[in-house]
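Chain naming follows the written order as A, B, C, D, E and F, and within any one chain the residues start at number 1.
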Amino acid sequence: MTHQPQTRLERGTQALAQIDGEAGEAVIASLADIAPDFATLLLEFPFGDIYTRPGLDLRAREVATIAALAAMGTAQPQLKVHIAAGLNVGLTRDEIVEILMQMAVYAGFPAALNGLFAAKEVFAQRDAA
Amino acid sequence: MTHQPQTRLERGTQALAQIDGEAGEAVIASLADIAPDFATLLLEFPFGDIYTRPGLDLRAREVATIAALAAMGTAQPQLKVHIAAGLNVGLTRDEIVEILMQMAVYAGFPAALNGLFAAKEVFAQRDAA
Amino acid sequence: MTHQPQTRLERGTQALAQIDGEAGEAVIASLADIAPDFATLLLEFPFGDIYTRPGLDLRAREVATIAALAAMGTAQPQLKVHIAAGLNVGLTRDEIVEILMQMAVYAGFPAALNGLFAAKEVFAQRDAA
Amino acid sequence: MTHQPQTRLERGTQALAQIDGEAGEAVIASLADIAPDFATLLLEFPFGDIYTRPGLDLRAREVATIAALAAMGTAQPQLKVHIAAGLNVGLTRDEIVEILMQMAVYAGFPAALNGLFAAKEVFAQRDAA
Amino acid sequence: MTHQPQTRLERGTQALAQIDGEAGEAVIASLADIAPDFATLLLEFPFGDIYTRPGLDLRAREVATIAALAAMGTAQPQLKVHIAAGLNVGLTRDEIVEILMQMAVYAGFPAALNGLFAAKEVFAQRDAA
Amino acid sequence: MTHQPQTRLERGTQALAQIDGEAGEAVIASLADIAPDFATLLLEFPFGDIYTRPGLDLRAREVATIAALAAMGTAQPQLKVHIAAGLNVGLTRDEIVEILMQMAVYAGFPAALNGLFAAKEVFAQRDAA
């Protein structure tokens, strides 16, 4: 007989593993010696509170995140994590490329280009794995 | 016997009408006396070239646009047009609210709040129409 | 005999009242009909989790928030709330003006000017109250 | 027998009058009661130090400023001042429209649109004057 | 007997070669395996539609682009391409340095510094070539 | 018998040495061959004019700068210089970590993460020195 995860931290830890996979766990690990409390907050709020909400499926959530990070242009490492997360939750490479191309309209061609180059790296890592 | 639209301008004009509706047409009209060529480019590139591409449905395209514009925080009028466009292509109000809430994670709480207040205005206009 | 607040929501509600005062409560109220869950998350994470952490006093926290919001330039309503919050937790008007002037160095003169004009409005509202 | 202005403040005051005209003087005046020292710094550094440097003519300087402010999207009031300044130093309305249209490529269509709407306002004020 | 280029793609390909030179062609090549359609759109819209418009000479267009990219601060690779493009269309190194210095006023000293360091790299590559 | 520094340049040079230390001097040196006048302006305006103003102590000034640079997300090298500067003027490592964590609320989790990773680098360099 299994139980639902009960704390935000447990729920967030499970969601992070499902969505971001190893890349997400690497981020959490990298915070251990500088800001361990921030690792907890990152699991609890974005993953425990937001991604686990009903009302929007994980596929649409990753479309939103990839678009936002590419448009902002200030979060290249996190964009790569979420391009991988998009693949994890069922987006195809072609769909991710379409999202990034569309950002040319809203955030300019450099934002789209830098997003596409991030995707190129993530896809190559997958192929090499 | 009907034909497919043949020029990018025709294709874009049709896509703008379908996606943005009256709000999009108002933007085009407002350019007439200041930059009429830009109205043409706006129909041709974003709508004729990008939104009509296969490979990502309009619903996912509007998830991406709403997320990007809310995260950037510099395009409040365009965010309102695309919240309305999201409703036009089948997103529910609750889904739009979820996308905007999620932006708190990537662009901060002010970006999410300002996005939610934009949605509140658009939803109220729909209710009043 | 009093108790410590026990939930994040209670702790956040208390912190919001102390720091942002009426302006913060107005933000929470304005979310009631569009995204009530986001009001809860706003009380819990920024106020319940972050502002109540030891290790940085509220005065320094508001210096950081005023600087960040002025530098970003995309959150004018939230900047006004936090200029008022700065006064609530003990910053003087002159100190707030100094923070905003300094933003000219890091985010440019327009960011500093728009921050100073926000401060002018908040100070005038205080004088009129 | 006339003299060259000798202090940075005098040089900046003269440059502000030449470039930004009344709109610039209004900005200086609006700082009088909130941050009079910042008015001095604004005259001294941007106008006394930068705009008066040889090596780039005022026309090219205003092309750069209009492009930057439109691309940033966080400085609409200052963009309007510099669209007017562009006209003051010899840019034509058509050239300003071209600069703003070009920003669609680098900062996205919303940045270009919001810049064009700012130009529309400034041009209408000139026509009404 | 030669002809004018007739398609947007031909016109854009020619403009890209003239303005961005080898650096631009490298960007196009780098898209071949990830988003070949985006390479086409990049040639057609920015270069075929915008840079070839009459009404603003290429020199002024590059002043605008260099200023915008430096001010945004999110497009360092593209800024380097356009610093080189500025040299290609007749801007001097001193003029480019002036544009970048001026960005300190509008986008802050870090934006100007990061732009100047990009210019330093591009100038050194030219000297080494 | 010593004198107070009398020019803005002298005052700025002294302030830069006190606040940014070697990292600041390296920035000045790196400008020597590309834009030596900008090195002078950087000493004169931010350091000679702003940081030496009374009305806000250096500790609060560095809280503001660290927060702004982390929130903007476009100035990673300058953020590292100012994390070191914060330590120089008396902020503790824990206080700097708190400021950066707080930026998750206003600029999103990626801004906070990238700020924390910058701090990790600066702290490691101090430990190795």
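Everything that follows uses one rule, which is that a contact is a pair of C-beta atoms (placed from the backbone, for glycine too) under 8 Å apart; a residue touches a chain by one contact, two chains touch by 3 or more.
Chain identities (UniProt): A, B, C, D, E, F = Carboxymuconolactone decarboxylase family protein.
None of the values given here were measured: they were computed from a predicted structure.
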Mutual neighbours - chains that touch chain A and chain C alike: B, D, E, F
Equivalent interface positions on chain A and chain F, same or different at half: different
Chain separated most widely from chain E, comparing mean CA positions: C
Pair joined by more contacting C-beta pairs (A-D or B-C): B-C
Whole-Å separation of chain centres (CA-atom averages), chain B against chain E: 29
Gap in Å, rounded to a whole number, between the CA centres of chain D and chain C: 31
Chain C and chain F, separation of their C-alpha mean positions in angstrom: 24
Chain centre separation in whole Å, for chain F relative to chain B (CA means): 40
Two or more partner chains touched - positions in chain B: 37, 41, 45-46, 50, 53, 69, 71-72, 74-75, 78, 97, 101, 104-111
Overall pattern in which the protein chains touch one another (line/ring/star/complete/other): complete
Touch list for chain F against partner chain B, complex: 71, 104-111
Complex contact set, residues of chain D against chain E: 45-46, 50-51, 53, 55-56, 60-61, 63-72, 75, 78, 94-95, 97-99, 101-107
Chain F contact footprint on chain A (complex, rising order): 27, 30-31, 33-35, 37-38, 41-42, 46, 69, 72, 74-75, 77-78
Footprint of chain E on chain A - complex, ascending: 72-74, 97, 100-101, 104, 108-114, 116-117, 119-120, 123
Chain C partner contacts - residues on chain A that touch it in the complex: 37, 41, 44-45, 49-50, 53
